[in-house]
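Structures incoming, each one as structure tokens.
There are two complexes below, and they share chain A, which is joined by chain B in the first and by chain C in the second.
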Partner chain A sequence: MQSNAALEYDYSVAKLFTYTTILFGFLGMLIGTLIAAQLAFPDLNYLLGEYGTFSRLRPLHTNIVIFGFTLSGVFATFYYSAQRVLKVSMAESKFIMFIGKLHFWLYFVGALIGVITLLLGYTQAKEYAQFEWPVDIAIVIVWVLWGVAMFALIGIRREKALYISMWYYIACFLGVAMLYLFNNMSVPTYFTSGGVGSIMHSVSMYSGTNDALVQWWYGHNAVAFGFTVPIVAMIYYFLPKESGQAVYSYKLSLLSFWGLMFVYLWAGSHHLLWSTVPDWMQTMGSVFSIVLILPSWGSAINMLLTMKGEWNQLTENPLIKFMVLASTFYMLSTLEGPIQAIKSVNAIAHFTDWIPGHVHDGVLGWVVFMIMAALFHMAPRMFKREIYSKKLLEAQFWLQTTAVVLYFTSMWIAGITQGMMWRAVDEYGNLMYSFIDTVTVLHPYYAIRALSGVMYLTGFLMFAYNMIKTMSSSRELTEEPQFRSPMA
Partner chain B sequence: MFHWLEKNPFFFAVGVFLVIAFAGLIEILPNFAEASRPVAGLRPYTVLELAGKEVYKKDQCIACHSQLIRPFKAETDRYGQYSLSGEYAYDRPFLWGSKRTGPDLHRVGNYRTTDWHENHMWDPTSVVPGSIMPAYKHHFTNIADIETAYAEAVTVKNVFKTPYGDDIKAGKEAWEAYKPTVLAEASKITAHMKNKDVKDMVAAGKVPEVVALIAYLNSLGTSRYKAKK
Partner chain C sequence: MDIRELQGYASFFMTILLVGVLYWYIIYLYRSEKKGEKDYEKLGNIALDDEIDSTPINTSDPVSDEKKERNK
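Up next is the complex of A and B:
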């Protein structure tokens, strides 16, 4: 990477998205912890009347952490790193500054409206695509604005070749656009019925099995292009920057990128194994899920090997710890997923807690760790102050790592226990357990999971406190740190 | 080639798009027409059932209940006949779910009754000791939006050719003319219920959410295309 001393980058939009990352992260994880506790202690369902049941809050949790926390993190890191890898400042173009700020404010207002409509129960009831059509339109506008900002920045770039992170941000933009548009195709009933009923209501363009296929083509790949692709973009930028090491292999990054792009979309039908979609699609989903290990591990190994010969940094720099552990959890999670996509394993795992277990070792261990590390790296450069406390950072790391381990181990045990009990038969071939037997047995695991939630949330509060202190009252820096982020 | 693409963002983006769009085309399109055909004799949901489906969506029953019985003996023993693609032909959206914190509901109409649901929605542990499902008492006071459900029936009839009768047509007047049909169906449900407030509300022309929801749950099963034994 070249020296960039001559350019003064503008971080105003990156800062705004940093604030919402912290805000939505806290809100999303708070609700997550509450609903985890509700499964162990059902009385907690009645704190907020009809708005506080597990079922009403669950989509709120998923949407806030996906579209609130993660997307904010993606946008914050994008507006920070894109300027740097393209060697242009946003301040060079009034148009780009305007689009960037409009992007943020529309996003923020849209997110608030989205949260309120979900709380009120306006929903399409498709997972991660719950928002009704007016919110969908707002999301499309926000997304297009991001695209405009992205390609306008690319248009005036000084560095001609796009850095690896930019490949992934572009893919994130295109992938989510395509998936979101097609999955949310619906007809608002108010206009087709001559003005009868609610204006918010719409009906899906697809029915039954087709709707399922489109939904999981979306649902699986919303994870791909929201939770994997832009997070890989982050680690490709921030790990080399923080460690001062060059990316291990360009060829491996090429293989991983184009491999991931090609393979990921096929795997969506592994959410529909043993369902009524045609067998060949199910098999296709299974097979491609296994193939997917290759590009996923390609990126992760490329990142780990970037640290070759510099492993001492792992003990000295907590941010390296976060990123290396994130990469490791990415490997765990992308091995676990394909295992669950094998048809015989899926027969036991599907519909059980092993699935949320799998999701959370990915998101808590990989996505959140990477976003927090990225923001910690950005903070001293954006706010020109050193990170407030290294001790706090260390404590947070161990608390949250323990929390993730408790989360996924308890959910593995819960999932496999329940899956086995559902199919257990006695010597005469009769089912051994009634359904409720398989629920009450899970209580201890649900309690452990709720505890892990409290721990992880506490860790996130430590992160938020450390960030806010860094922004406001930490020691000021006279010049920008080159690699390792300074911390007190 | 890759070096060239990295210097030409437009073609890079086109390349990425082609590579990611490919899978959807091949996996989703070929079976599209076939997968939307109903099983023989399947009737669409009534307006009251559609209103119940909205309650099911609004309170996100899907967060804990699936509607998909897989072809395993352990599942058919527990829930009944495994699910067929054609049974979902009128389900917009599909409500298969992805998590069974509670049991599957695709055949619940075959083995649960109106009064069971009434007790269960009021207090789940009264019929299933140890249940962790919250009580949905607000379903007994909140009013279901049958008008929007009617608008949905009109929409799927006109746009997707779902076979509804001639009395389902666009416009406020048509809805006012149809409303008594919905209320009559609702009173058939309340005839099997004991909550007096709910009965009174239906008599006064308002349908509480629990009535619509029970109508919907009763329709889940094989009764929509097979005569009950």
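Up next is the complex of A and C:
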């Protein structure tokens, strides 16, 4: 950059991560739709030999949407918004630019290796922690690079106060670092078996109940620090910026932040209710899950109140629609989760389809909606072009909202039916149904879910098309929009 | 007392302590604003006024802000 050129924010790294968000989002949801269809129509398991089976594809789905799509979205929005709230450009430091780019390329190569190894069947067999140790090491390096970029940027900031979004990004960084390291402690079986085992297959350093506890301390907090904290970071920046309204109560945002940090880490044992972990721990998991409603709703209500007096924007601006719906779904799933964590409810809900139902009203309604809205907000600023089509945006909104509703309602019905059938006994105390009876009853709901997958995926393709058109051929803007994103 | 029981007590008292800290934090937030030491709500503008050349909202301390103004 020429030294006399006016200083500008540098979005090159944010752009790169935007591309991978779209790529991995498409791949992950395509596989999600396929496995949803497989559950309804099992013959679809045999399309691609071993590589096309449900058991091979399910971890691929979860890992691509979590570590591919969501993390890309987190990085893209971070590299975009952190510069802005810190009022410092990445272009001001060659070092930060270098780290940012290295971060992206290592991430991308690591992600590809991750996808390939999972497809080949290398797995630690721990949920959301399936990657074998070489991929884990790559992930750790990528994560450290992100941290370096983050703190270097903070180090040279002009805005001394850290905006609330930055707190959430920092928490995401620290939280995931701690969780990931502890849960992925493992030893290749080669070393534990006197050379009989394999270098590429490792087993956890913990065993039995302890392993389960560490796993779900991790698993639940992966939701906390991957699907909640950085997405809250996004909404705290993008909703105020897009609407031109400062956050309703900054104090409430601080309080919810610390509340969330206190409470989340203790709730993980709700994944192990009625199992062999100590009873007090299960109770603690339940209690903390209920308390978790408060800080979660604290943020969500704060966002809704930010729109106070400006609700007309909801009808005029589709991006506001996306974000308001996202925070509403955040409220829904943070109420639903605590309900499922009550022991008596969990006795029915656990192992049933209600759980994926809960997961997806959170991720489809909250995570994906928020990430897409953020990228749409960023696009006109990064590419200096208006958003390609408002009509397409509106259509996408309604299609995907319908899809989410179909997904979770079908899974609610399926889950509760399943739970009730499993425990139903006749007058002599014999079980009334065998497993296959439930499968027969559930078939229509699985078919509905597969349909919702097709709809949601179509919506995502509309998003991708709109974004690509925005990048390449939309009308050019002469100056950066201040608040509302311009769209044709 | 075996280790399990100890863990149980430790968890219980830590919870009480952390809840105490959280309540203290609420009081702290409101009190420091009332006394005029801090202005948290102003920080919400960081997201709105985020051009690279806009003046930083900078400090959460209006008193020292005033001092700076006077010293100019």
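Here, the second predicted complex is superposed on the first by the 472 of 488 C-alpha atoms of A that agree within 3 Å, B and C clash if a C-alpha of one lies under 4 Å from a C-alpha of the other, contacts with A are read in each partner's own complex, and residues count from 1 in each chain.
Everything below uses one rule, namely that contacts are C-beta pairs under 8 Å (C-beta built on N, C-alpha and C of every residue); 3 or more make two chains touch, one makes a residue touch a chain.
For clarity, every value in this text was computed on a predicted model and none was experimentally measured.
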Clash-or-fit label for the pair chain B, chain C on chain A: fit
Partner chain(s) touched by A:G49 [first = chain B, second = chain C, both, neither]: first
First, second, both or neither for A:P240, with chain B first and chain C second: second
First, second, both or neither for A:M284, with chain B first and chain C second: both
Partner chain in contact with A:C172 - chain B first, chain C second, else both or neither: neither
Touching partner for A:V135 - first (chain B), second (chain C), both, neither: neither
Partner touching more residues of chain A, whether chain B or chain C: B
First, second, both or neither for A:A161, with chain B first and chain C second: both
First (chain B), second (chain C), both or neither touched by A:F262: both
Which of chain B and chain C A:I31 touches, first, second, both or neither: neither
Which superposed partner A:V368 touches (first chain B, second chain C, both, neither): neither
Overlay on chain A, chain C to chain B nearest C-alpha distance, Å: 5
Shared contact residues on chain A - chain B and chain C: 160-161, 254, 258, 262, 278, 284
Complex contact set, residues of chain A against chain B: 38-39, 42, 45-46, 49-50, 53-56, 58-59, 121-127, 151, 154, 160-162, 167, 170-171, 174-175, 178, 182, 187, 189-190, 192-198, 201, 203-204, 206-215, 217, 254, 258, 261-262, 264-266, 268-269, 271, 274-278, 281, 284-285, 347, 350-353, 355-356, 422-425, 430-431, 435-436, 439-440
Residues of chain A touching chain C in the complex: 7-9, 83-85, 87-89, 158-161, 163-165, 236-237, 240-241, 244, 246-247, 249-251, 254-255, 258-259, 262, 278, 280, 284, 483
Partner chain A, residues of chain C touching it in the complex: 4, 8, 11, 18, 22, 25-26, 29-30, 33, 40-48, 50-54, 56-60
Chain A partner contacts - residues on chain B that touch it in the complex: 2-3, 6-7, 9, 12-13, 16-17, 19-24, 27-28, 31-32, 35-36, 54, 56-64, 66, 68, 70-72, 74-75, 77-78, 83-85, 87-103, 128-136, 138, 142, 145, 147-152, 154-156, 158-160, 170-172, 174-175
